[in-house]
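Notes follow once the structure below has been shown.
Labels run A, B, C, D and E following the written order; every chain starts at residue 1.
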Amino acid sequence: APDALVVMAAASLKPALDEIAATWPDPVALAYGGSGAIARQIAAGAPADVVLLAATDWMDWLVSQGAVEGAARSVAGNRLVMAGTPGGGPVCLSAAAVLARLGTGRLAMGDPMSVPAGRYGQQALETLGIWAALSEHLLMTDNVRAALAYVARGDVPLGLVYASDARGTGVEVAAEIPAPTHAPIVYPAALVRGARPGAADLLAHIAGSQAIFAAHGFAA
Amino acid sequence: MIDLPPEAWEALALSLRVSVVATVLSLPLALWVAHLLARRQFRGKGLVDAAIHLPLVLPPVVTGYALLLLFSRAGPLGAVLEPLGLSPAFRWTGAAIAAAIMAFPLMVRAIRLAIEAVDPKLEEAAATLGLSPARVWWRVTLPMALPGVLAGVTLGFAKAFGEFGATITFVASIPGETRTLPAAIYAFLQVPGGAPGLRGLVLIAVAVAVGAVLLSNWLAPRVAARVGGR
Amino acid sequence: MLEVSVQRRAGDFTLDVALEASSGVTAVFGPSGAGKTTLARCVAGLARPDAGRIVLNGRVLFDGTTDLAPHRRGIGYVFQEARLFPHLDVRGNLMFGAPRGEEAGPVAEMLGIADLMDRRPAGLSGGEAARVAIGRALLRQPELLILDEPLAALDARRRAAILPWLGRVREAGVPILYISHAIEEVARLADTLVLLRDGAVVRAGPLAEVLSDPVAAALMGPSQAGAVLEGVVTAVADGLAAVETPAGVLHVPGGEVGQRLRIRIRAEDIIVATARPEGVSALNVLPAVVEAVQPGQGPGVMLRLRAGEGALLARITRRSAERLSLAPGVAVWAIVKTSGVARADVGGG
Amino acid sequence: MIDLPPEAWEALALSLRVSVVATVLSLPLALWVAHLLARRQFRGKGLVDAAIHLPLVLPPVVTGYALLLLFSRAGPLGAVLEPLGLSPAFRWTGAAIAAAIMAFPLMVRAIRLAIEAVDPKLEEAAATLGLSPARVWWRVTLPMALPGVLAGVTLGFAKAFGEFGATITFVASIPGETRTLPAAIYAFLQVPGGAPGLRGLVLIAVAVAVGAVLLSNWLAPRVAARVGGR
Amino acid sequence: MLEVSVQRRAGDFTLDVALEASSGVTAVFGPSGAGKTTLARCVAGLARPDAGRIVLNGRVLFDGTTDLAPHRRGIGYVFQEARLFPHLDVRGNLMFGAPRGEEAGPVAEMLGIADLMDRRPAGLSGGEAARVAIGRALLRQPELLILDEPLAALDARRRAAILPWLGRVREAGVPILYISHAIEEVARLADTLVLLRDGAVVRAGPLAEVLSDPVAAALMGPSQAGAVLEGVVTAVADGLAAVETPAGVLHVPGGEVGQRLRIRIRAEDIIVATARPEGVSALNVLPAVVEAVQPGQGPGVMLRLRAGEGALLARITRRSAERLSLAPGVAVWAIVKTSGVARADVGGG
């Protein structure tokens, strides 16, 4: 529907946002993509009404560009987990234990340079003091879902992924990453400059759908 | 038929529209450029040739960003087109532009090789029969190069149909407007555990690809026969 | 009327030629590699002379400033190879450059390719392809027709069948530049003969003059030298025409009273007798006087004979010349077989 | 020179290695397949042709995914290669495989057109001079098709150098091992405001692309001259 | 020794030919479109007959079960078009199929292309290209050489220069299948003549027989009919050789004592006299008896003459025949000009 409101959102939000949009009375067009790509497109004048990103730095950038109206607000949160192949059992977050579990394999994670999940992951591993030991054994992916898929298929023994993604995808959580080891994972949302009437309501509706976010693992 | 969600059919229809428009509209330009490269000598020819090949060698994302910068509200083209309501940014026409640019080097290459293979002696003969260079091109060069043109069009269409990186970077992936089949496949791939329609979408993409190539292979000998065996 | 004067270098070959071709057939004759094709390409606009001037019927085709594109020159060109369009059938090839309203039928009929109209060039024999190429150039209705050894791939009969038709083209006023190394064709068709060698004109002039020029003869090969006589048919009987020529009356097959004919008598085809021969089958016995005796290479000598107002060349062995004590001023009889005489129709000019 | 972070040079070196290996190693196969498609008739020819074109028409991500499934530890090829330590998954050899597969259709197309343009009459003539079909191919067909082969190689190299989607999906992005120049550019693009090295990386990619095309254009007339004008 | 019997249909053209070619030159002569090239292609393995059998020197090249690839047939082929390799220079083309150790020099010298060795085919004239193609096929040292109208693009001198060399190839024992519609070439070279028309053999047999066959003459064109005599040179003087032939002694230019020559006397080149001619330049005057008088079309009649052990054909006008009262049994003199006699070397067989 051409008059549908357009929401551009980080790809990792897809399961939750699809469900939330279905609870909105009017049709909503959901365009998913990488946070960086979306941010640039918004800045270039993409006809979106609401934007949701997976990283605060890109949202800050959008704000600095004057591409959004008002302040950004966080609508959801997330946590990191160490996902392992089923039956692998839990792993202790020490260099020796992780390396033992990896064997000749690698630890899959988002590329810290380009993927927010990777950035949080690097912070956490550094805080845990095992980044240096693992740095030769990393497998960096262009989005966090790919890291998950490698684990699910057994190509790598471990992956550092979002808790929301690890649910019911054929992996088991080998370790929870303590939240204090990295900056809080938040999904900032904002109204795009020039958003159409109703966009603010939609954004409010999304922000208010915490039950659905929670059901998909996006702990606020 | 395969059981597919309605967005999948929407994406297929959009992809077909985008790739057909991209191929058909860029064909005349491709013919012209291929002709220039095959038969003319001019300063900067090498650079023109290289420029045409850029979209092929650069990561599609880079091409997409370049388009985005060009057509964005503040960009040199966007600033002109936007007020006229003609901006292709975030519209299916933008997807067609991205697809055309990505397909262009393939079309030009194939057509150029075909034109180079036309014996200039026959063009000479046509000139002595009173045909101007333009009519020689139309009545001798083009018909004889037709199998190569067909190959170029197939290749271009296939590339346009499969193009993804530049498109999604330039016009994003807005359902019904710019979410092409490959973009949909990409989105479906992103669903942890795999979305239910993924298999069907990939099958459709494969079917279109195979169909285009088979059609071109079926046409090629017929065109070649019309064009005359050696 | 075609005036050509061109210089052109390619590799270590240099073409430097000046010639004029008035209406009628101008034959360019020369050995392989003499530059015949190069010259033709310059005239047609397919090769660019380094310098020179080409004028056709008053229109400047090329000079220092002008260089008309081939398609504007109004010149039909039959190439040494057929160069048919593979994507068109025979009809399509024939009609390719034909003006609207033109029909392929009559030309195809004449060239014996009417049955092939729907064939593709790939399905043609070598000679068939050559004929289609000729037809295509004719149907284009050119102001000048260049033929680059067009009959080489044809058998004698087919060649004989096409020659008169080319004669008709000539009569229609289309000047022809005819490139050939078959002197028989040249002798039948040409009004003017240009002898080319190593890129330069060795001799040029009216056919009869050049053919009876001993220097030219050396170039053409001695067996090709001979005289060309023109005359008018005064009587026809038993299928033989009596033709009054400057050299006397000659009998040749065919012809109509009043018709102008051209007759070529090769030097080889003349027997010289010092006594009037009796009881011989040859009908053409002309009284003549030896004008010159030129020894050639090998066992032959070339005689220049004056018969009436005309000149004849005769090539006989040195031994015969000595035996018969032939020397300038000796009166002889020139015996020419009727069938040793090649005739060609001459346009009404 | 441009001031670039060391990772950038690493990525450039890797990309060159990957694309050269991909192009060189797949060339013989491309020649063979192009020859089959140009000169032989066989059952299923259309399908072979279509299969070769699949990587071109499918979103690269799908191709990468298919490779991943094939070579993953549980995949049909991976299960065989992994125990031998030969698995290309997550290795630069895998990147070369991905690049080769993406470049293959382009190489085959160009070479095939060039072979089809060789006059079979010359091959006939060579046969009557006593050359077996293999030697005819080597001494007549191949030399005459050389400009087209060169075009195919250029195109293939360019594509292999720029390939990104299939590579990153198949072998991810391990610095020094599989993080090619396009992958690095992609990563740099994801930094807000643009990473400092981005411009340099893009310039390098453009330079390589332009360089390849210019080199091929410089070579082409020389090869064509060696091969002989018409 | 080549035995061919093939059937082949293509479109509405059917080739159905059986012939044998022993060592020496077998000429295939026929009008354009007769199927000459098609036949040659079948022999060379470039076209597949629908049925038939081809055997070369005892090797089966083709039959129901065998179908040898072209490169295994050991047959050199000079195509109607030159088909030079554009990516190789002249030397590369010449040496393309040559066995190791072979040198291009002598052949290039003979063909007048020694100066072109570094040229590309694109820079050759039509005749130069044809010569390179011939040289290339010769250097390949074939068991059988097929020549498809190879001399069509050559001028008379060059053609005359190449013919003896082809004669030498024949003497070296390489059988030649020679396709031509130039009867002069055929007459000089051929041992066996096959007349083809519409895909079928009209006449085949030893050259002399076929050439003097009136049916064949009709096909070849009447001006080509004639007798072929073989003889041995018994004396040489003044550059003229006296050749003892079955029809009597003939004088021809050149030759060495003991050499075997073949002499062709075209029916057109004979003058018939009822009285012994005196004081004529013609050295060859043979006593003969009229055997038959065959009226032809047009104003001519064909005489079969018996001279000694040999047969001659003479074509004269009907008027002359009547005037001289020529009829079977009449004794006459056949006057043949020395230079009207075409000679060709004959292999030592």
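Operating definition for what follows: a contact is a pair of C-beta atoms (placed from the backbone, for glycine too) under 8 Å apart; a residue touches a chain by one contact, two chains touch by 3 or more.
For each chain, UniProt lists the protein as follows: B, D = Molybdenum transport system permease; C, E = Molybdate transport system ATP-binding protein.
Model, not experiment: these values are computed from the prediction.
Listing every chain that touches chain B and chain D alike gives A.
One inter-chain figure worth recording: chain A and chain D are separated by 35 Å, centre to centre, where each centre is the mean of the chain's CA atoms. Taking each chain's centre as the mean of its C-alpha atoms, chain A lies 90 Å from chain E.
If each chain is reduced to the centroid of its CA atoms, chain B and chain E end up 60 Å from each other.
Within chain E, the positions touching two or more other chains are listed as 81.
Contacts with at least two other chains are made by residues 65, 121, 189, 230 of chain B.
Residue positions 37 of chain A each touch two or more of the other chains. The full set of touching chain pairs reads A-B, A-D, B-C, B-D, C-E, D-E.
Here chain A touches chain B in the complex through residues 1-2, 6, 8, 11-12, 14-15, 29-33, 37-38, 40-41, 43-47, 143, 145, 148-149, 152, 165-170, going by the rule given at the top.
The part of chain C that touches chain E in the complex is made up of residues 10-11, 30-33, 37, 80-81, 119, 123, 125-128, 131, 149, 152-158, 160, 181-183, 220-221, 223-224, 237-240, 251, 253-254, 268-269, 271-275, 277-283, 298-300, 314-321, 324, 326, 335, 337-340.
Against chain D, in their complex, chain A makes its touches with residues 34-37, 39, 57-58, 60-61, 106, 108, 111, 113-115, 138-142, 146, 150, 153-155.
For chain D in complex with chain B, the touching residues are 45-47, 49-51, 53-54, 56-62, 65, 105-106, 109-110, 113-114, 116-117, 119-121, 147-148, 151, 155, 158-159, 161-162, 164-165, 182-183, 185-186, 189, 202, 205-206, 208-210, 212-214, 217-218, 230. Chain E contributes residues 44-46, 69-71, 73-77, 79, 81, 83, 85-88, 96-97, 120-122, 136-137, 140 to its touches with chain D in the complex.
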